[in-house]
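This is the structure I have questions about; it appears just below.
Each chain gets a letter, A, B and C, in the order it is written, and its residues are counted from 1.
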Amino acid sequence: MRIRAFSLAIAGLTTAGLLAWALGGCGTTAASPGASGGAPAPVRVVATTTQVADFARNIGGDRIQLTQLLKPNVDPHDYEASPADVLAIAQADVVLKNGVGLEKFLDEAISSAGFNGAVIDTSQGVRIRTGNGTDEEKAGDPHIWHNPRNAKIMAHNIAVGLSTKDPADAALFERNDTAYAAKLDALDRDIQTRIDTLPADQRKLVTNHDAFGYYVDRYKLQFVGSVIPSFDTSAELSGKDITDLVAKIKATGVKAIFSESSLPPKTAETIGQEAGVKVIGGEDALYGDTLGPAGSAGDTYLTMEEHNTQTIVDGLS
Amino acid sequence: MLHRLLVEPFALPFMQRALIEALLLGMLGGVVSVFVLLRRLAFVSDALTHTVFPGVVLGYLVAQTRGIVWGALLFAVLSAVLLTVLSANRRVTEDATLAILLTGFFSVGVVLVSRRTSYTADLTGFLFGRILFVDRREIVETAVVGAIVLVTLAALGKEFLLRAFDPDGAAALGYRLPLLDLALNVLVALVVVAAVKAVGTVLVIALLVVPAAAGRLLSDRLTVILAAAVAAGGLAGWFGLAASYQASVYHGLRLASGATVVLALVGLYALAFAVAAGRRGLGRLGWLDRLAAAGRPAGGGRA
Amino acid sequence: MSAAPLFGDAFARRALLEAVLVGALAGLVGVHVVLRRLAFFTQAMTHATFPGVVLAALLGVNLLLGTGVFGVLAVLAVAWLWSRQGAEETSVIGVVLSAGFALGVALLSAQAGFTRDLSSYLVGSVLTVGRADILSTAGVLVAVVLVLAAISKELVLGAFDRGTLVALGYRAGLLDVVLLLLIEATVVAAVPAVGTILSVALIVAPAATARLWTDRLGSMTAVAIGLGVFAGAAGLTISQLQNVAAGAAIVLVACACFVLSWLLAPRYGALSRWRASRAVLSTVDGPI
């Protein structure tokens, strides 16, 4: 009697499996791009990070139809794909990624979506800093966009990639690229001028995690340490970690710890109290991994870098 | 309309694979949940989802993604053995042992993670699952694990049932009860390991508990409970994925697929509950009476 | 204690204070959890209150309020289902746990931009507790002490001899709900500060260990509280000296105490039971 019930269950499972398999065999045609007749449809673009999406908006304008996977203030580690995301990848013409190992989820998503179009690695041609030594940053430090010169390269890579997909609009993409590059140059000069207003011995940075390596290198700041020692944001700290960083802060005489918008400020506050320095967080937090939501001080790449610089200069002077 | 809700999403290959995986796991969970119900292993299932954590980390360190399953399995067996050994002391109840194993093993995992941080990139995936990303190979793996579990249950099912209903009788017949318990715990662990990728550790427990609990509401007969549990597990996978697709594609509302599957399962449980309540006659307001009786002083009351 | 220089830093002192408070609170409640076999319920509470965390963060209200409300809902759901199906039905707890946690995850995924407190919620971080955490833990501790002082005897009677309790005219069902609410309050106070895993470990492990050493409720409670406090202090010390996560270190100390006691406790330890059984065997062997 019971044995029969089990055989029944096994039979049920097998049939269901076979049925679904058979369905899979004949139904594999995903909704394919159907641009036919009339004005050419805009290029369908999927961008992974908030920064890359912002660059793509600046280059592509209304000639692209953009889907951005990571939402503002979401740590890439906590990314959870929705069916709509995978569908967008399946129907995309181009996928734009930051590269340098930031998008660990992307390979799975791409193979899951069955996407075999062009994946443009915007970090092509950027000089990559060595990572922090963990497996996580084997490929190098992925926060390349915090140097506006790298941002220029990334934007250019996007322009080239879009032009290959949509040659008819190549001239427009190139114009947009040139215009945006000028803005990035202006941003670069502006940041430099403002950092220069700081006394030389105050150009020291303690952040929540070390996302700002490229920024520190570009503007000759001194990096003292970070609250979370690696890119990883999940590990719990030990008492020793905290004591060590507090000692470092006291020894170098840094004035402030900068918290980041996508990370919990609690640990930074504990360390700030301990070392007797202020913690800059909340509304004024730096944008490290992502841009801010629309309407915030960091909703585009340009305003985000301006905000970060202003916050750092205010905090350290 | 119903077609658009329940069939159309699964024309897409990735949704199709997710559906197959969800159906396999749902029905497998349905079968195993009957034994979880009979042997009251709900907490064991929950504990196993945590005790495999250090195994997952170690497995990943040794052999990357391929090592996860084996590491998890090793620690599942280890914790099943420790549970049996530690509970041999009558002063220690099984639930206390489980809580201690659960927290102890999980903490070992946390120590490993905070020592070497390379695994945490997948920690969220481990906790919540990535059913939309399952590939053909993983489906085959699930099917193989499912076949192993079902064949073992078919072979040992009678013994497990005897153990559940008449432990003294089983012992008198010469069965070694700790070994039977260990075997069942390992089967539960196998389902946990198989389901981790799809729904994540914290939600696996739903697959192992809720289907049979729903079936139990409908009937006392084992075959009916089994059939209802398998049906509930399968349907929840289907409805849950469809709901997640519907919400995210047409309404711009991101709902994690693993969570919607579990919520669908809980919804079916609620439905079974309503059916059971209706059958007992809403006229007498059965549960209200009972609740009142539970709260009322049984004898005279106390000032 | 000679550990004074170790806890020279303010954050370490706050962590120590919180660990001591949670250890005492958990020891008090843990004795009842162990006697009534409510470990699974305790574990379920830590997860079922999760939607409260998410909603509180979304609405910008106090975390304690969110988890408290959801905790009470979960307690009522469990008590109600138990009243229908019998308290030995552990699957009821599994259903409530799954429902609560899945609801939390769904809410979390719907709200793009809020995932940041998640890992610290699960793993916890006792090193970063603030003054508010300490105050709320202390508040709950006082409340629990008062309630237990009033009804401790009844609760113990309910654990061992429910029939007599009912015969004496107590409302057994109501007492159960009060006990569940006490556990829920403990979980709600401890989880935001130290995480789910550490909360469950501190509630169950010291009390289960204490049960190996003594039969009397008073001494069992005292031992449980002492062990909880010891695990907190020793775990923090290890975390200060070695590079080990603090919460995990506390849990592992508590578990080590349990395993050692399981082996070595005077009457109920494995070693003495083994000796006793050998002694019995040898007397049996003797004459024949």
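Note that in this section contacts are C-beta pairs under 8 Å (C-beta built on N, C-alpha and C of every residue); 3 or more make two chains touch, one makes a residue touch a chain.
Bear in mind that the values here come from a model prediction, so they are computed numbers and not experimental data.
With respect to subunit A, maximal separation of chain centres occurs for C (centres as means of Cα atoms).
Counting contacting C-beta pairs between every two chains, the top pair is B-C.
Subunit A and subunit C, compared by their mean Cα positions, are separated by 39 Å. Centres computed as Cα averages put subunit B at a distance of 24 Å from subunit C.
Averaged Cα coordinates give subunit A a centre that lies 35 Å from the centre of subunit B. Shown for subunit B are the residues that touch two or more other chains, namely 110, 114, 123-124, 128, 254-256.
In subunit A, the residues touching two or more other chains are 78, 80, 82, 233-238. Chain contacts: subunit C has residues 109, 112, 115, 118-119, 123, 243-245, 247-248 touching two or more partner chains. Against subunit C, in their complex, subunit B makes its touches with residues 36-37, 40, 42-43, 45-46, 50, 86, 89, 91-93, 95-100, 102-104, 106-108, 110-111, 114-115, 123-124, 127-128, 202-203, 205-206, 208-210, 212-213, 216, 253-256, 258-260, 262-263, 265-266, 269, 287, 290-291, 294-302. Taken in their complex, subunit C has these residues touching subunit B: 34, 37-40, 42-44, 47, 80, 83-84, 88, 90-95, 97-99, 101-103, 105-106, 108-110, 112, 115, 118-119, 122-123, 166-174, 197-198, 200-201, 203-205, 207-208, 211-212, 243-245, 247-249, 251-252, 254-255, 258, 262, 268, 270, 273. Residues 1-3, 5-10, 12-13, 16-17, 20-21, 23-24, 27-28, 30-31, 77-87, 90, 104-105, 108-109, 111-114, 134-136, 230, 232-238 of subunit A touch subunit B in their complex.
Put simply, subunit A touches subunit C in their complex at residues 71-75, 78, 80, 82, 233-243, 246, 262-264, 266-267, 269-271, 273-274, 293. Across the complex, subunit B meets subunit A through its residues 9-17, 19-20, 23-24, 27-28, 30-31, 110, 113-114, 116-118, 120-125, 128, 130, 132-135, 143, 146-147, 150-151, 153-154, 157-158, 161, 222-223, 226-227, 230, 234, 241, 244-245, 248-249, 252, 254-257.
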